[in-house]
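See the structures that follow.
What follows is a pair of complexes built around chain A, which joins chain B in one and chain C in the other.
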Partner chain A sequence: MTPRSRTVAIGLHAIVSLWTLFVLLPVFVMVISAFKSQAELFTRPLSLPKQFSFAAFERAWGIGISGFLVNSLLVTALSVLIILLASSLAAYVLARSERPVMRWVYVAIVAGFAVPLQSVMVPLYQLVSSAGLLNSRLAIALPYAAYGIPFTTMLFYTFFLEFPRELEEAARLDGCGRIEVFFRIVLPLSGPAIASGAIFQAVFNWNEFILALLMLTRAEVRTLPVGIYGLTGQYSADWPALMAGLAIATVPLIIIFLLAQRHFVRSLAGLGK
Partner chain B sequence: MFHLEVRDVVKRYARFTALSGVSFAAERGEFVVMVGPSGCGKSTLLRSIAGLEQISSGSVSIAGHDITAAEPSDRGVAMVFQNYALYPHMTVAQNMGFALKVARRPKSEINAAVMRAAEILRITDHLAKYPKALSGGQKQRVAIGRAITRAPEVFLFDEPLSNLDAALRSQMRIELSRLHRQLGATMLYVTHDQTEAMTMADRIIVMNGGTIEQIGSPLDLYNKPATRFVAGFIGSPRMNFVAAHVLRLAGRSVGFSLGAGLAPLDLEFAPGETLPFLGDAVVLGIRPEALGDSGEIHLADADVAVVEALGRETLVYSDAHALRTTDSESLDGYFAQLVPSQSDKRPGQRVSLRADRSAFVVFAADGATLHDASPALAHHK
Partner chain C sequence: MNRPALPAGSLSASAMMAPALILVGVFILIPAVVAVVGSFFDFSMTSATWTFVGGANYRRAATDPLFWLAISNNIFIVVGSVITQVGGGAILAAILDRGIRRGSVVYRTIIFMPVVISSIAVAFVWMLILDPNVGPLNAVVKALGLSPPRLGWLGDPAISLWMLLLIAAWQNVGFQMMLILAGLQAIPKENYEAASLDGARGLKAFWYITLPGIRNVLVLATLITVIGGFKVFDLVFVTTGGGPANATQVLGTYTYTQAFSFGNMGYANAMAVVLLVTAALLGWLQVRLSRRA
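Right after this comes the complex of A and B.
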């Protein structure tokens, strides 16, 4: 390694380390706060708790975190499934079609990515309401899916452009129809794209707040972000319980990321083509 | 009835025509090799027969059935790809049995077919492995095995050996020939390597610019090339070409001028061969092995430029100054000479390029052959 590239490497590591600290600090505060009492949280906000108490976790669980967790899991799983299925199929057709019109279809789909949620919230509410879906998990799972499709389609599209066509041709000679080629050959080999699509959308949908707040007014269908928000009162809040609830909400995402991070990194490296 | 029949196949893309009216037929059990430079349409033709490309017009039939519009899997063909195209998420056995699995055949039948193919190709030890654990040669064998399990009417090979190193390639050539004899199957094989074509083919189809230049047995193409293109493509090192024009005509005797300061060359045209006109520009061809120190005709003096000692034979490239080869690109303007022994020639040495009259081929300006060399080449007498 030359001295110059060594300096560059040290500099890059320093930047990444700082950034990591910056990102992890709030997480650290969240976790230690969850183990403190309300009083200790305000008197010694950044120090480690004197004793690790699970009382806040119990209170958080008691207020219905378990139900919110199940709702979040259901909504996220359903929306991510719809996103992956629709996006991969759409992207495959777009990537394989030679018709010029498909380029415009692709541009239209990508343009959907640029529409801010806030600008369509009112019509979206009317749509969901007139479909009779308010206060059901579908009320947010379907909009989430719709919002996740453009980005995930882009992700799959770039992946499929690189996918070796000879494999598909071999499968067609082996007797597969177009659909079979996709499900038996292409999709099983799309691990990286599936993993990064799943992680991106799972994180987004798991954390989504504003739509969930709008569509879900009954406690039993609320997802974690809205449910935890319910732990804050107008003048006071049970901050340790809030932090405990947030800590619980973070765990599933960390598990998903650990499982899929290898694919995730690899597929992002190829994005932007 | 022919086993594989291709009639007037045209393949047009938006901007160019890849195949302009190609026709040929293969007997059952024949090993046909399509050869030509890249972009000549040979792969497009193979893919059209496989059904991976839609042809613009014409027809293809296999075993008497018109399959022009059939799905790839319904054509009775199996294809071996250049990059193997093995499914990475399946084991060797699953790769080989995939077609039968898609066709919902019973497990016992699939296993038996896979086992039989694996035995023929000697890959029974690798059946449980995944493709990434195999070497290039083993992968190619699996790809061939995948074709065999399907028991197709026609095997299609798309440059299957071009990713292998030279030693493995010559070994696989022998194995493919053995396999062809063992299976007795009709095989259509695409390559740009004339050695593969010469060594394996029953018949060779030479393609150029989307059309067929010539079809024939390897030695037919070598001895009686129909065009200058075929003469240059078949044979390694390639034929030497000399620009000339017709100086005199007397009966069937034609005199050619080879250039300023060089003696004219008189050749006797056989009955049936087309005579050129006086003053026509033509190209004379002569094989490297026919060019030597001895021979009836003294063509020119030359300086040896490069000597390639191959052990059993020697390639001598020399610059003949006044005598210009028309092949300035591929041979750098040098004349290639193949000496069937070790040679003490050194670069810089002056030599005399000589050949027998019977060794010359004459091509018209449009590339068509006017006069053949006699196959019994002078040099080895």
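Right after this comes the complex of A and C.
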């Protein structure tokens, strides 16, 4: 290595390291603040906690985080399940059908991808409230599912186009119906598409805020993001408890991301958040 | 190749199609149509009567300085985000693709991580960092002998929007980096070897091989960032609520305020339609491009 290229290499490392450090700092602040006492946060904002205390986690857990966590798990699991099922079924028909109308159906579903949630919040709120579905954790899974379907359908569609048709034909010769072929042959072999779709939509729905803000107004039914947001009005001064609550909401996702990075990154390419 | 075609009008095909089509129709497409129709009416959240007002809601927007302020803030965020997020993402991706071998997976993983963190968590953590009383940033600035902004980093109308830009970059640069990195890695290595034989290395190779190779990806990354800039809501809503004195008001938060604080549903719909049309046009471009990219 020449001296010049060594200098360049050090410079490049420095740029990337600086940004990496910048990314880590807030996460670090969140975690150490959660272990501090309120007084310590005031007096020693820059230092590590003198002793790691779980008091803030206990306070956060006590004022509602436990309930929000259960609600988030429920809403996320249900919506992801609906998204995967509805999108894979639709994408399969779209990828196999030759009827011209299916092109329009595909356009209609993908069009949903271009509609921002913010632009339909008024009609959506009125729809849900007039149907008497405000404050229902099961009902909110339906619009969550709807907003996940366009992207996931595109994902499955691309996957099914490359799926070997010989397998399906063999099964059909054996007398399997279309739905049977789908559930017994196609779906069990769609692991990569299912994994990508599931992890991506899980992250999205776990973090979703606007719909939850509009639809879940009672504290008992709120998911983590909107639940924690609601708490800050009442407990505004308790930064450590807030950071503890956020850590509880964030750490599971970071772990899932580290474990399933590959699938996550693969499904990102076509997306606008 | 022989495609197993569905029999025309097949019942099972329609049944398989139905859940997706019904959900998208009921919760996305019909509300979008209702938003457009509702933008020509005047109504409140509680009253059941809609009064037709023609284009009045749009005329109101055209003469409402806050609407234009929100639009210009959105544009500020859009332009700033393209520069910081696509620009920053491209620089990091280029370095990680060819400049660095050791540790590149670790860097990549950490830089991407904020993408999976909820914007609410991001907003609150940054509020703590920027807090005038307990925030570590003020402590650092004071320790350096400088004076932090008297109204706070988010409370000073002259800098709050810049702070939001910084937070948005913190969260999204990793996403753009991954997208662009995928584009870079799709460029065949032989192209660089051939160019190197012709004497094109370093910046020259970057200009003649790398840039043309990732042009589509860069356009896609820019589109995604532009759409995100127009749609921004959670971060602004939680950190500043559009304040101080509307300095960070954006289309999303202003629409929300008009609808759910003031009950002007028709007016809110008209502004929502502006966002809808913008996002739909850009989204249509994005879908077309991502199929090619």
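Here is the rule we use: the second predicted complex is superposed on the first by the 215 of 273 C-alpha atoms of A that agree within 3 Å, B and C clash if a C-alpha of one lies under 4 Å from a C-alpha of the other, contacts with A are read in each partner's own complex, and residues count from 1 in each chain.
The criterion applied here is as follows: contacts are C-beta pairs under 8 Å (C-beta built on N, C-alpha and C of every residue); 3 or more make two chains touch, one makes a residue touch a chain.
No experiment lies behind these values; they were computed from the predicted model shown.
With both structures placed on the common chain, the touch criterion links A:97 to chain C but leaves chain B unconnected.
When both complexes are overlaid on chain A, the residue A:77 reaches neither chain B nor chain C. When the two structures are aligned on the shared chain, A:55 is found in touch with neither chain B nor chain C. Looking at the shared chain after the overlay, A:133 reaches neither chain B nor chain C. In the superposition on chain A, A:172 contacts both chain B and chain C. When the two complexes are overlaid on their common chain A, residue A:164 makes contact with chain B while staying clear of chain C. Put chain B and chain C next to each other and count what each touches on chain A; the higher total goes to C. On chain A, the surface touched by chain B in one complex and the surface touched by chain C in the other have residues 169, 172, 177 in common. The touching residues of chain A, counted against chain B in their complex, run 164, 166-167, 169-177, 180, 184-185, 188-189.
Across the complex, chain B meets chain A through its residues 50-52, 71-73, 77-79, 81-83, 85, 87-89, 98-99, 102-103, 146, 150. Considering their complex, residues 8-9, 12-13, 15-17, 19-20, 22-24, 26-27, 29-30, 33, 41-42, 45-46, 82, 85-87, 89-90, 92-94, 96-99, 105, 108-116, 118-127, 142-143, 145-147, 149-150, 153-154, 165, 168-169, 172, 177-179, 182, 203, 206-207, 209-210, 214, 224-226, 228-229, 232, 239, 242-243, 246, 249-250, 253-254, 256-258, 261, 264-265, 268-273 of chain A touch chain C.
By the touch criterion stated above, chain C contacts chain A in their complex at residues 1-6, 8, 10, 12-13, 15-17, 19-21, 23-32, 34-35, 38, 45, 88, 91-92, 95-96, 99-100, 107, 109-114, 116-122, 124-126, 128-129, 131, 133-136, 138-140, 143, 170, 172-175, 178-179, 182, 223-224, 227-228, 230-231, 233-234, 237-238, 251-252, 255-256, 259-260, 265, 268-269, 272-273, 275-276, 279-280, 282-284, 286-287, 290, 293.
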